[in-house]
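Okay, so here's the structure we're looking at.
Going by the order they are written in, the chains are A, B and C; count residues from 1 in each one.
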Amino acid sequence: MEKFVALLASGIALGAVLAVAAFGFLLLYKATGVINFAHGDLITLGGYVALWAIVDIGLPSVLGYLLALVIMFGVGVLIERIAYAPLRRRPPMSVVIATLAAAIVIRGLIAVWQGSTPKSLPTPVGNRTVHIFGAPVSQQRIVIIVISAIAVVALLLAFQRTAFGRQLRALAADPETAKLQGVRTRLIAVVAFGLSALLAGLAGILVSPLASLDLDFGFSLMISAFAAAVLGGFGSLGGVVLGAVVIGLVQQLLGGYVFTTYQTTLPFVLMLAVLAVRPQGLIVLKRSRL
Amino acid sequence: MLQAEQISVSFGGVRAVSEVSLTLDTGELLGLVGPNGSGKTTFLNAICGVVEAQGQLTVDGARVPLGRPRAAWRAGIARVFQAPQTFEALTCLENVLLSSADAKMRGVGGAWIARPVMWTRERRRWARAMEALDVVGLAPLATSPAAMLSYGQRRLLELARALAGDPKVLLLDEPSAGLNDPETAALADLLRRVREGLSLLLIDHKVDFLDMLCDRIVVLELGVVIAEGTPQDVWRDKRVMSAYLGVPDDAAH
Amino acid sequence: MSETTVEAPVPAADERDSRWTRLGRRTVRPPIYAEHQYLVVIGFVVLVALVAPHIATSRSKQFLIDLWLVYAIAGIGFYWVFALAGRFAFCQTFMMTLGGFMSAWVTRSGHGKPFLLGVASAIAITSLLAFVVGIIARRSQELYFAIATLAVTSIGADVFNHWDAFSGRNGTVTNVASPKLFGHAFLKDKQVFWLFLGALTIVLLLAVLIERSPFRRDAIASRDNLLVARLTGVAAGRHQLVLFILGSALGGLSGSMYAHWAGNVSTGTFGIDLAIGIFLMLFLGGVGSMWGPVLGAAFYVAIPQVLSNIQKYSSIVYGALLLVVVMALPRGLVGLAQDGSRVVKDQVRKARRKDIVDVAG
């Protein structure tokens, strides 16, 4: 029983982090159509910036996290200015390559700045655990679940209620018509990039106290987040959250009980199985207009 | 030659084409007309496998599975689109070569292993493709990139590509759209020249153009056939008039 | 009264086109067959064979040249998959890793199978796996295909890390035998250079054979508009699958070459940096040509050397360079070279025409 609870908690926590990461990626994709290959490295960067804020500058953890999030938003805006805005008229492939270039630069910067030895991010809850049904659950996991839930719900509400959210949805549904109706695509692009990077950073900050921070840690998280988006349906923000939780649970529960050695591969196998059966994912991305 | 039975196409909840049946005889030129949104293009799409459809399609006595573009091509159905779908990254000649009737030795086997055979077939394909380009008048542009062509030339390129496949049935979607009168007449001339041994199914709006070419006309409205017959009969049909004009025939008063 | 006959002037290059409309006089063929690709390959190989030994003044320089040859082969494979077939595949490094492990496993001291068999098995296993992945993701659009191949790479890394019997403890295999061909062992980097150059020559010739074939135009059509390509009778899905298999096989080949040369292979050998790097090589060099990855791989390998004092910042330089190339040179360096050669040809043609006009008076 204890094992089940512990695994359940880690599964939900993993799902929560993936949801935040996938949300950021999907948000950008819906707002601008851009597939940001630097997203994984932004996750890593978020962790490292938080590390710098807390360890190098000496800020208290929560303040350090907030500063990191603000910086990540700025990084997102910077990427928009350099790798997106100048390439608006180019074929979409150029922007994809530009995001790859951004990924290369970010990885290089991190390597130069922090070196490649794995580090660990301090957290206000430290290593403390809480006992649920007799199982020790790391408090960090509770923090992850709570904060992710707040972030996701806040964003979902923002999309439904605010003007910005409405404009974003209009843009995602039909870019040309939205532009004709005066949706401010440029502003939305800037905010989307910033928000996406912020969410990536948040995912990195949430998970790095539990894992160790190294150069590739965000990349693997991003791939799992992609899998969540595929499972939950690329068109649907709510679906992505569901997909993320499914992945988290599959990996921890199935992996914890049955395939312990290969647990990280399970979500991917699941995703490949889904793609084999429904090749367009759960939502069709393009429709032919002949 | 071509028999379409009870063809239906639905998009979500909307029935774009509803149990349309028509027959195209060998050598016949059939016009398909109707107001906007009547399902003409969708019907053509169904016939050549671009969209999923219900119903039955037979060409030359053989069943053609619906919703499979290559199966349609193999059955001898060739399609020319309203907005020309040419491949900009290739030259005109290469565009036409794509549809070559001789489809053998075009894969890696031909490229890496059986090259001499590949070459013999290639040379024949080049000659056939040049003939098709010559018919539409684009032969001087054979080695030019398709990206350099004007809109009208791209339409002709598509037509050449369709012809290169030795089709039995040619489906044309508003070929005269955007053309002025002399150009339309030239197009009609071209179509008359190529229709030897072919059956044509033609969507268009220009009445004179249709009258010049069509043996018969089928009229669609809202996905359903409302009239069928020779051009003169069809234009006089009251249902056709009201479909287009939307008013009953007391406009004569 | 007779009129003096006038000698028809030699038609200028663009006037000769009108003769082609008279069929039977001269076969018109797609311009790609008029390029001298074989000569370029031979010229390139000869050039490298002559120049490289002079550049390789130190052990590290020789190492980089050999590494360039390995990456060039992997890059050409990626060109087939990404540029020609239009498939967004992120698993070339996985194929390289798999090829390395497979070849190492087959030639392991206990088994003692010859080097060529190791290479052949690397090619075979990667082709097989590419076939499976290609079938699974066959109808997936670009983004989903990218995600599927990323997933395959992740699964692969995990499997390799845990399958000790095949890929060693912690996914590392050492003591991989040196390449041996017909009794001759290639022990030094200098010797390996000739082996790798030979391999690259074969790959380049295979690539040219594809360029000069209907397969190329069918693949491009399948890439640019799958549905319409099918409508014109092209077996679009099949072409994309075949190119994915062939490109992955080249990944396996390059991985096995590296493993035998370096003597070891691990899951980190062809990591994320290289995965991004392969994209970089293709785009830097030029995505429209089979020479793009060859040129791009040279840059990728050379830049840290050239900027040896700021080697730490080489990644940042790559990224910035890639961005600049994307913005300024959409067709990469090869595109730049093609534009340059076209400018030269135009000038030559103008000069020649001027001569004709002068002569004709």
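As a convention for this text, a residue touches a chain if its C-beta (ideal position, glycine included) is under 8 Å from a C-beta of that chain, and two chains touch if they have at least 3 such contacts.
As the structure is a computational prediction, the values presented were derived from the model and not from experiment.
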Chain occupying the most central position, where position means C-alpha average | C
Looking at C-alpha means, what's the farthest chain from subunit A?
-> B
Just curious, how far off is subunit B from subunit A if you go by their C-alpha centres, in Å?
-> 48
Quick one: report the Å distance separating subunit B from subunit C, using the average Cα coordinate of each chain.
-> 39
Chain-centre distance (mean CA atoms) for subunit A and subunit C, in whole Å, is 33
Could you tell me which residues belong to subunit A and also touch two or more other chains?
-> 288, 290
Junction residues of subunit C - those touching two or more other chains | 227-228
By the touch definition above, subunit B meets two or more other chains at residues 50, 81, 85
Can you list the subunit B residues touching subunit C in their complex?
-> 48-50, 69-70, 72-74, 79, 81, 85, 87-91, 93-94, 97-100, 103, 105-108, 110-112, 115, 118, 122-123, 125-127, 130-131, 134, 139-140, 142-143, 161, 165
Residue set of subunit C touching subunit B in the complex reads 17-18, 20-21, 23, 27-31, 206, 209-210, 212-215, 217-218, 220-221, 224-225, 227-235, 238-239, 242, 246
In the complex of these two chains, what residues of subunit C are touching subunit A?
-> 136-141, 143-144, 146-148, 150-152, 154-155, 158-159, 162, 227-228, 271-273, 276, 279-280, 283, 312-316, 318-320, 322-323, 326-327, 330
Subunit C partner, complex, touching residues on subunit A are 35, 37, 82-83, 86-87, 90, 94, 97-98, 100-109, 111-112, 216, 219-220, 223, 226-227, 229-230, 234, 261-262, 264-265, 268-269, 271-272, 275-276, 279-281, 285-286, 288, 290
